[in-house]
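Next come the structures, one after another.
Two complexes come next, and they have one chain in common, chain A, joined by chain B in the first and chain C in the second.
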Partner chain A sequence: MTATANMTAPSLQQIAPNLESRVKPGDLATAQMALLGVGVALIGAGWATGGEHFYFSYLVGYMGVLGICLCALFFTMVQHITRAGWSITVRRLAENTMAALPFMLLLFVPVVIGFDHLYHHWVHPDANDAVLAGKSAWLNSTFFFVRVVIYFAVWIGLALFFRSGSLKQDETGDPAISLRMARVAAPGLLLFALSLTFAAFDWIMSLDPHWFSTIFGITYFAGGFMAFLAFTIVMAKWLGTKGYLKEAINVEHYHDLGKLMFGFMVFWTYTNFSQYMLIWYANLPEETAWFAHRAVDGWGAIGTILVVGHFFIPFVFLMSRHVKRNGIALSAGAIFLLVIHCIDMQFLILPGADHGAEHAAGGEAHAVAHAHEHANGFSAQLGEYLHNVHWTDFGCFIGLLSILAGIVVMNVRKTNLVPLRDPKLAESIHFENF
Partner chain B sequence: MTAITVIDEPENPLRRAPLVEGNNDFTSVTDIIAGVAEKKTPRGWYLMFGISIALLLNLGAMIGYLIFTGVGVWGNNIPVGWGWPIVNFVFWIGIGHAGTLISAILFLFRQKWRTSINRASEAMTIFAVMAAGIFPAIHVGRIWVIYWVFPVPNQMSMWPNFKSPLLWDVFAVSTYFTISALFWFVGLVPDLATFRDRAMKAGRKVAAKLYGAFAFGWHGSNRHWVNYEKAYLILAALSTPLVLSVHSIVSFDFAISLLPGWHTTIFPPYFVAGAIFSGFGMVLTLMIPARKWLGLHQLITLNHLDNIAKILLLTGTMVGYAYAMEFFIAWYSGVEYEQFCFINRATGPYWWAYAIMVSCNVISPQLFWFRAMRRNPMVLFIISIFVNIGMWFERFVITVTSLNRDFLPSSWGYFTPTLIDILTYVGSFGLFFTMFLLFCRFLPILAISEVKGVMPQANPHHGHGDDAAHH
Partner chain C sequence: MSNTNKWGIVAEFDSAASIYQACKKVIEKGYTRVDAHTPFPVHGLDKALRQGPSHLGWIVVCFGLTGICVAQLMMWWTNAFDYRFWVSGKTPYAWETTIPITFELMVLLSGISAVFGMFGLNRLPRLHHPIFRHKTFHRASDDRFFLSVEATDPKFDTNETVAFLQSIGGQHVEVIEE
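Coming up: the complex of A and B.
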């Protein structure tokens, strides 16, 4: 190391003397317990009342919230690799969010319990199904669980590495830690991309094991990153109302987070448009079957709602600079997008879920026949959706999100609120959007 | 010429590396950049320009021959109805993606290092799109009715087919060209005014008149700058979706079909990543010699090259991800035709093209995991050539291997280009380099005002104590 690298970063006292660096002891404890309590209660109630459908509802919530945790890891790594300055104060919140990944492993248990039911299409395939027989090398229970272990090992390993490095820098102020994290972020992102893609294939796409789409991993990432940004905006704003992070995450950071959220909301639309348009245009039965399921049983209305709610409304709303620079308006937009993210997960996971043992081939014929005999108007479809939807389809997402928020609050209480000795902290606090 | 010291310090997280090196101030930056156009034309320029013009004339001859004879002069035939022309089109349009990415997306991401390379990259973009546009236009066979691609009301009540992505291409590419050219030109205005003023002072009246005409009477007033900044931001915001949309629509040309190897949902983002990859490859191919011959080391520093190399590594790996997904899903789908198509790509008669594609696009950029490689202009230049080659072969592999063995084995065939194919493609480089050489000779090759904006002197607090670290 050269002489300059032996210097340490300036301390918070030098940069922003009025900044609160820690949550007061005992503060936010009630909120933490309330969030965790509400979350556990909702999941418990869902489990008690949901019957077999609970597992699908749980998967909706789980994949929705997992995307947020994983993209917190993604956000952290991207900030390191790009040597970003603006986001240092936001990064600690992301680090505390990705630190929930070990808990996500624990929360995976209900998926394991419901495994047989969720993935019965390929766990108990039709003996005459040559297509499923052909992919049994990938879709078999043993390898599925081996992959679960690999994914979580990668995610938890990376999350712990980046969080502990950052916390260590709080104490030592060693700028070399920043360099090391930037270096590890590059292979980290590669591992992240592959593991997230295959997790999306395994846990969502294989619910309908006949269907396939090369872009599927990217669409899941796009929605997850948007949801992570929405979650972070809401958490930061809430902590701000409690008197924390108000100066550190200020209007300039909200503006930037809002821009990113807008960008990835549009990116979600782009990836989903690519997927839908290409499948619709080619009209090959092995691909359209998936969308045929999503045109009946009320899902037709949800497809429309996603187009409007995941694109048109937020596009117009978040376009404005004033909205992005107004914490309340931006948080409202973020909460709206979190709800839409839950509906997006429902759209991916629930259609066809309750057809029980009815196997895919029969299911497709059912869906096509169904599409012809039923009214397909928006209001008729919406009525059917509202009639079919179980409270747990939202309840599990809210419950898991609440648990995540509780874990984040717990972590926030344990760590410094911002990376105190990060070399670029001053840049983050003083930057401006022009 | 003064000796040039190249700074290659290890990265220090405590401070941002300067974007302009050496002991430069605003005047010296203007002198360096304007000097390129004001100095006596070097001999090497005449040599390169001569070669480029010769190739351009050859392009004209090939196009003339094609129009008078018919598209039969190309190797396109059943089963490969889409041969080199579409490959060349996608190749050039892909290269045309770096400029707008640098000027628009990197601008929105506040990547200040873009200022040293954006002008030349945007110019490159415009020339690449021009080269691209030729191929589909001459492919129609009857070029005299090319205006039929536009929805112009006519007495035959004949309309273009709005369901065809080839028509969407017409709109996408022409929009992209228009916005890119506008963006480039808006950025040029203040610099053209600088050139005008310098030409005036040097007594070069004609040059002053010409630069002046295009500088729109710019005299750097506060009001001008306010309007300029606003226009720049709006154009950046408009260009950002265009960077993604143009190559997505190009990918639709293939992906909306039913053909294995073409019809796959990852195509739009995969093509965009590939386009950025190839565009940055060409940026390096052009800028490394320009940096050396025109003495721009202090403005285009090793840090700039390092950043470009990182983008090449990123986008090359993204392309590798897409190749892997295609292969995995072809197997996973259980669709025999998909499986055959990909095995045929890798091991069939065109295995060599596939091998070139993978080694150039995915393997060669992996060298950039090493900092020393990212900061070695020679290595960068060689890899950038590999990238150009690899990305041409990617389009070749996609186009030809999905067609040469179609659903009917009796119609299988092996595609061979004709001499006309080859000379037309080589000629398109003539157009590209002719334009680029003219640009280097007569226009500000770096964005003077933008480079100044990222220098410490542009900081209003400059020189007041704590900024001393910058000197």
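Coming up: the complex of A and C.
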């Protein structure tokens, strides 16, 4: 151990003499302000025009973007626990993304303001509702906010630990920091899995508090990790056009990020199908109601669009090695998957919004009956969706994604572009796919 | 010696770097039927040898699609056509129930075709290969790196090729008989 502790990694100048280690002072400042400005403007306009529906739209955007931030933390911890070499240059971008988690706490405020409206079903349950009475030990306002604090404490704590450790290594070059982070990553991942699962239960699944699915957290994670990889690909490519990270994150890294994005796109399909098939097969009313809500009011078309757009199209498109190694094709695939991720969040969150408050009691029976009388075709359903969808259902996601991108640019400008003295930096810059 | 058919010429190298350089030089010289045999994967060697991409992927895709079609046809035939059978109120052909079997059969045929397709493309299994006649070739799985030039190469000339391999640092350069 003493031998390794005294070792220092080779400097960046030795490994890659042409690599920019920092963003030039003042550079990217306009982009940062523009991204933050567009984001705040979109959220503000949504709040001004959306009425009560704004809170549901905001939750769509918030959960979509939160998944990206959380999975940046997941990505960082997985790289540490596996002691991966290839991803060192990508990791700093993930660290700068997860550093947005404290801002995500701030951006949680609109959810708190809309809390009463969003979670109306269980905040003001029907007096005769035995199911919700049985769940009241978990689903009550006090414990809900206690859990919000716990989740954010875990996430922000882990994010700050891994980011500050990595930044400290930039200065000291101490390889022991890598070992310590690998050790903390194990319990960190456990905490992450539990907190993300219960947050998905609390913030999305409880919109329809009668319904339950134990795999729900994993489906949320799968989509979020795919979106994180898509976001990272787009950000890195954009930084590349500005002349940064071009050598550090090269075609080999994009190939691997593309493979992971492809893999978790398929994993999303796998977990969602697992959830759907078991519910479909057992055909129990308290479980099928959730899908019955999603077969009417245009959501039937969105279900089909998700099967095709979240699986079949990207599966065929991203399968080839040549696509993953082509910058334009991979970026196009990543942007497409980010749009699909937003539609996925709409599918999870919005059907509860339109039915929820109006049909508090007997809403499920209504939805089931409704599904039978409207056995519409795809185009009729799509027409209904397009008629019902509010611009904020996309606008909030785009706005929050823009804010996240702005925060990432801000962090990128403040830190070194890659972990300069990570012992495996050379391995990461020079690795090749077979 | 002169009456026997030659398989090729094999040279030994003592490091990954030296075989990488040797491969580049052999290809630059214009040889095409060249291969390298190393104890572990050496980065960039396939590029240095200018090897094209493997065709294995196409074999796997064909078998995977076959698996999908066979599974769908089988379940449709047995449940919905040959002997219509209603199970737990589901329609005889319900796409939901077919997905796991379709997935599994696709994976099964893809996996099997990947392994046996690789065997086929490598002309395996075989009991013996001429290259094992080389005296030190057993070290290819230990600590030595080997470069072979086959006799079918248009540029192949016993004396000239041996001299060339020696000139680029090859040791134990041997002419291997078929």
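The working rule: the second predicted complex is superposed on the first by the 425 of 434 C-alpha atoms of A that agree within 3 Å, B and C clash if a C-alpha of one lies under 4 Å from a C-alpha of the other, contacts with A are read in each partner's own complex, and residues count from 1 in each chain.
Just so it is clear, a residue touches a chain if its C-beta (ideal position, glycine included) is under 8 Å from a C-beta of that chain, and two chains touch if they have at least 3 such contacts.
As the structure is a prediction and not an experimental result, all values here were calculated from the model.
On the shared subunit chain A, the superposed partners chain B and chain C overlap sterically. In the superposed model, A:T142 lies in contact with neither chain B nor chain C. When the two complexes are overlaid, the chain among chain B and chain C that reaches more residues of chain A is B. Residue contacts after overlaying the shared chain place A:E432 against chain C, while chain B stays out of touching range. Of the two partner chains placed by the overlay, only chain B lies in contact with A:K424; chain C stays clear of it. Once the two complexes are laid over each other on the shared chain, residue contacts for A:S178 go to chain B alone; chain C is not touched. Shared-chain residue A:N128: touches no atom of chain B or chain C. In the overlay built on the shared chain, the residue A:Y281 is in contact with chain B and with chain C.
Residues 277, 281 of chain A are contacted both by chain B in one complex and by chain C in the other. The touching residues of chain C, when paired with chain A in their complex, are 41, 43-44, 46, 88-90, 96-97, 99-100. Residues 1-2, 4-5, 7, 9, 83, 86, 130-132, 134-135, 138, 175-176, 178-179, 186, 190, 193-194, 197, 201, 210, 212-218, 259, 266, 270-271, 274-275, 277-279, 281-282, 284, 286, 423-424 of chain A are the ones touching chain B in the complex.
Of all residues in chain A, those touching chain C in their complex are 273, 276-277, 280-281, 283, 432, 434. Looking at the complex, you find that chain B touches chain A at residues 9-15, 108, 110, 241, 244, 248, 252, 255-258, 263-269, 313, 317, 321-322, 325-326, 329, 331-335, 369.
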